[in-house]
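Per-chain numbering from 1; labels A, B, C and D assigned in written order.
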Amino acid sequence: MPTPRIAWIGLGVMGSPMAENLLKAGYHVTGHTLEKHKLDRLAAAGGVPAGSVAEAVRGADVVVTMLPADPHLEAVAHGESGILAHAGPGTLLIDMSTVAPGTSVALAEAAAARGLRVLDAPVSGGEAGAVEGVLSIMVGGERADFERAEPLFRALGTTVVHCGAHGSGQTVKAANQLVVAVNIQVCAEAVVFLEKSGVDLAAALDVLAGGLAGSAVLERKRHNFLAHDFAPGFRIDLHHKDMGIVTDAARAVGAALPLGAVAATLVAAARAQGDGGLDHSALLRGVERLSGVAS
Amino acid sequence: MPTPRIAWIGLGVMGSPMAENLLKAGYHVTGHTLEKHKLDRLAAAGGVPAGSVAEAVRGADVVVTMLPADPHLEAVAHGESGILAHAGPGTLLIDMSTVAPGTSVALAEAAAARGLRVLDAPVSGGEAGAVEGVLSIMVGGERADFERAEPLFRALGTTVVHCGAHGSGQTVKAANQLVVAVNIQVCAEAVVFLEKSGVDLAAALDVLAGGLAGSAVLERKRHNFLAHDFAPGFRIDLHHKDMGIVTDAARAVGAALPLGAVAATLVAAARAQGDGGLDHSALLRGVERLSGVAS
Amino acid sequence: MPTPRIAWIGLGVMGSPMAENLLKAGYHVTGHTLEKHKLDRLAAAGGVPAGSVAEAVRGADVVVTMLPADPHLEAVAHGESGILAHAGPGTLLIDMSTVAPGTSVALAEAAAARGLRVLDAPVSGGEAGAVEGVLSIMVGGERADFERAEPLFRALGTTVVHCGAHGSGQTVKAANQLVVAVNIQVCAEAVVFLEKSGVDLAAALDVLAGGLAGSAVLERKRHNFLAHDFAPGFRIDLHHKDMGIVTDAARAVGAALPLGAVAATLVAAARAQGDGGLDHSALLRGVERLSGVAS
Amino acid sequence: MPTPRIAWIGLGVMGSPMAENLLKAGYHVTGHTLEKHKLDRLAAAGGVPAGSVAEAVRGADVVVTMLPADPHLEAVAHGESGILAHAGPGTLLIDMSTVAPGTSVALAEAAAARGLRVLDAPVSGGEAGAVEGVLSIMVGGERADFERAEPLFRALGTTVVHCGAHGSGQTVKAANQLVVAVNIQVCAEAVVFLEKSGVDLAAALDVLAGGLAGSAVLERKRHNFLAHDFAPGFRIDLHHKDMGIVTDAARAVGAALPLGAVAATLVAAARAQGDGGLDHSALLRGVERLSGVAS
């Protein structure tokens, strides 16, 4: 079986190293993005720059999109110069952006009307995970399409899971972001409580990390909390976007998420207070302000 | 140096196996509790049953208390027949109960007035941890006293940390219970969100557990969530008591804990709805009821 | 000046009596809706039924829309058979539906491109207020247009206020629904707290109503709370829709609303638990369930 | 029937004018407080200063306490020099302080053991209500005692309601403070939402005040919100104390109060941020900080 020809749309912080990992794995990749220097970088890595979406997707077996948010995906998919208009019948469209589950379902329906297959396949693991090819990939869509795409996913990540029908990948990504936001926020609350109580913070976090309170957040963000080092990492602005997806999706299915609602408010507050460009562990700054701790 | 003579007050689910671990480690243990059969069990393990607190603490180098809550500790410590009245000068009183930090501070002050030393040393790890001697022990009080008690702690647990001044052990325990309650609650929210979205729940939890959303809760309570198996474990009634300590202690030091406040409300609600005797992972039932999922 | 000719689109529970009040005030009203019997009712009241939006708006000086939600408004406004395509230049389009502020702003922009003027003018006061012509009307748009429309508004309501630029009427309506939802919810919390404390509830509500805790909610919903009578009134389903508008609009402007977020969750929970068709005072049932009170 | 002889303990901001209103109504009042100048003021108004609690209560038919918080009441009631030790059998003890319902119940039990009758009778209406004799008075205890005290209450307030058994007055007061705190907070949230949306705030508050969103808070605190005038009034420090009573009392009876929990957190946060001495309408400052509005 010949190696599939990939069209890659969106070569940002995540998209560029992901596309390069496909090139390393032997795929033929034609890429498009609006930033000229990212196209040059793709070419240097052995890929083929394309001047438009239409040019990129022509003749592709698989089209991958990796874009910032729902409007970007919709702009690239629809319209006269979009993917749906130019991809050939039978093409598999894999959207790896983080968007609303409903957006993924709508895209799958629109694509089906044109004879295209679709998977939603958002990722977690951040820039480091993208560069090292160790992303977690959550996939929604039909199982046969998932199986067809699995080798490609294996070139990008280590945890690759089919979660259910169209939109399921996005749902699981949303659940992931919900749990992460709440975990960071409660660790921040614990830190401020410990600080204001005059406890040895480093010793206390050691104990917490070793028991039922332990978590990846407590381990990977420990330094950020202790050193007040909030260089991103994953920016609060992006987590704010994701909490919007969680809020809307939970509303759509009738799931009541009290902690999720409060966490979404506090992420929004962090952004409103000017911390949007900091790592999401900077939720600590919000708890400190709320508790009158100078930070 | 001769082995210290231990008086152990409180031989419940946690206290009995802990006292037995001291006996195994070669300590001389005189125990007291209100339940006759627990005294028999202690005797069978090589300990000496005592008919009263006064009898137990007479001649002891170290007195350990392991009691359900603040009022029990206060009753045992104070009064004509209490520990403070009968323990000799220089005795070290180690309270391993989970009580309010303020209770520990007040006990330390009252004891100091009688020439006694005090450590607060609450534990986490549950009955299994007590039996296997692998508890986490969070200690507040003076460092010299901590060092004096450390060998004893090492017979009971594997993580033994001095957290600061009197009450600090209780503060860290409170922070631990805060983080655990919120983690369980947000995992429950994620589970209901995923269920109502029609996603493959087991697959989804696999992805979450592998990334930044991963936690000890997600790992150790996974079975409870998936199987709706809520046999305790750690009962909601006890976590409710602990959230009361968190709420009061945070209030005392001026720490604002929005997620903590909501979680405390939801733990209280679970209890009000009759789930107090279930494992704390049964917070899932509360989210299901709130979201109209029959459970 | 001749009496303006009104096209009225949407003759539901609110729209029908409102259009009839215009007829009583001497306006010429041509109406359109999808329900045949509502058109008959309009004719019986002296209005002119129209078979389509296009037919209704042809020759109108003012077009009023009173529709359930954003998608209905967008469907009626845009497209080949919509208002924008068929209303003559200079027509004033008054949208009295409750929709997102952003929807009102977008409509105003689209209309301006075709030479039409727009006001957003949502109302509060419910069916009774519509029938009796005592609605509160919150208006966004240009002052000159507000002044032009004021006589018409005076035929429909008693409190008529210009709140600012396009979308401002919707913003104020959203703020109104935020305050109402939270007020109902906190009164419900107080009721359950009083009930579980064994206090004489009617006496207690009397005291509360007479002081700084007093509110229109406590006065108008007192009977509902005391008698558990939840016949609508204003349905939870509709308040749920409105809390969605509040949540999104607050997010859009960067306002952090902690109580609003929790209230939105509890309204959503009431709906998920099957109470969507009840009056919003049925939030009491949610607090009762949460607190283990059989209801 | 001779006029009852009153002993009044606690002549603070509230107690002084209340005792003077009794004098105006013809009662014989002997008063005690720790502040010398308040005793002089009482004497100037026709009362009799007493040098101790024991001296004040000797021969009194009714003892009234009006004290800052639970510990003050307990100190004055119990002990060798306290009310219970010195009041004659049959004396009616009326506690008008705001304390925990449980404190009132415990006092009633202790007093009954000495043949004394007790009512809890906290008030709302603030300093102005105390001066003008228009307080709301919420009374718990036996009906016969309430009826015996009613003429005295009528000299102090206009709304006088028997709410149930011992502690019921405090429960209703707690419910009152719950509703007030949440109402202020949601109005503050609405104000910030309106401000950040660019709406004419005064016009918007007019509309809200006229409908189902209307409340005593919106009316009496309107000026504070619009002018950022936070001179007390009722201080956040005191409302913080009261929210502690609400939290504990709700916990004791198993009432789950989600909005109450969040409001208590935000009141505590306002205090932690240094606003404890401001009027409770200064919760607006907290929402502004949370939303990044310079204030």
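Keep this in mind: contacts are C-beta pairs under 8 Å (C-beta built on N, C-alpha and C of every residue); 3 or more make two chains touch, one makes a residue touch a chain.
These figures come from a predicted structure and were not determined experimentally.
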State the chain with the largest centre-to-centre distance from subunit B, centres being mean CA positions. C
Between A-C and A-B, more contacting C-beta pairs sit at A-B
Distance between subunit B and subunit C based on Cα centroids, please, to the nearest Å. 52
Distance from the mean Cα position of subunit B to that of subunit A, given in whole angstrom: 39
Taking each chain's mean CA coordinate, subunit A and subunit C are separated, in whole Å, by 38
Got the subunit A residues that touch at least 2 other chains? 250, 254-258, 262, 266, 269, 272, 290-292
Graph of touching chains, which shape: line, ring, star, complete, other? complete
Taking the touch rule as given, give the residues of subunit C at its contact with subunit B in the complex, in rising order. 258, 262, 269, 272-274, 289-292
Enumerate the contact residues on subunit B facing subunit D in the complex. 244, 247, 250-251, 254-258, 261-262, 264-266, 268-269, 271-272
Note: in the complex, subunit A contacts subunit B through residues 101, 124-125, 136, 138, 159, 161-165, 167-168, 171-172, 174-176, 178-180, 182-183, 185-187, 189-190, 192-194, 196-200, 203-204, 206-208, 210-218, 220, 246, 249-250, 253-260, 262-263, 266, 287, 290-292
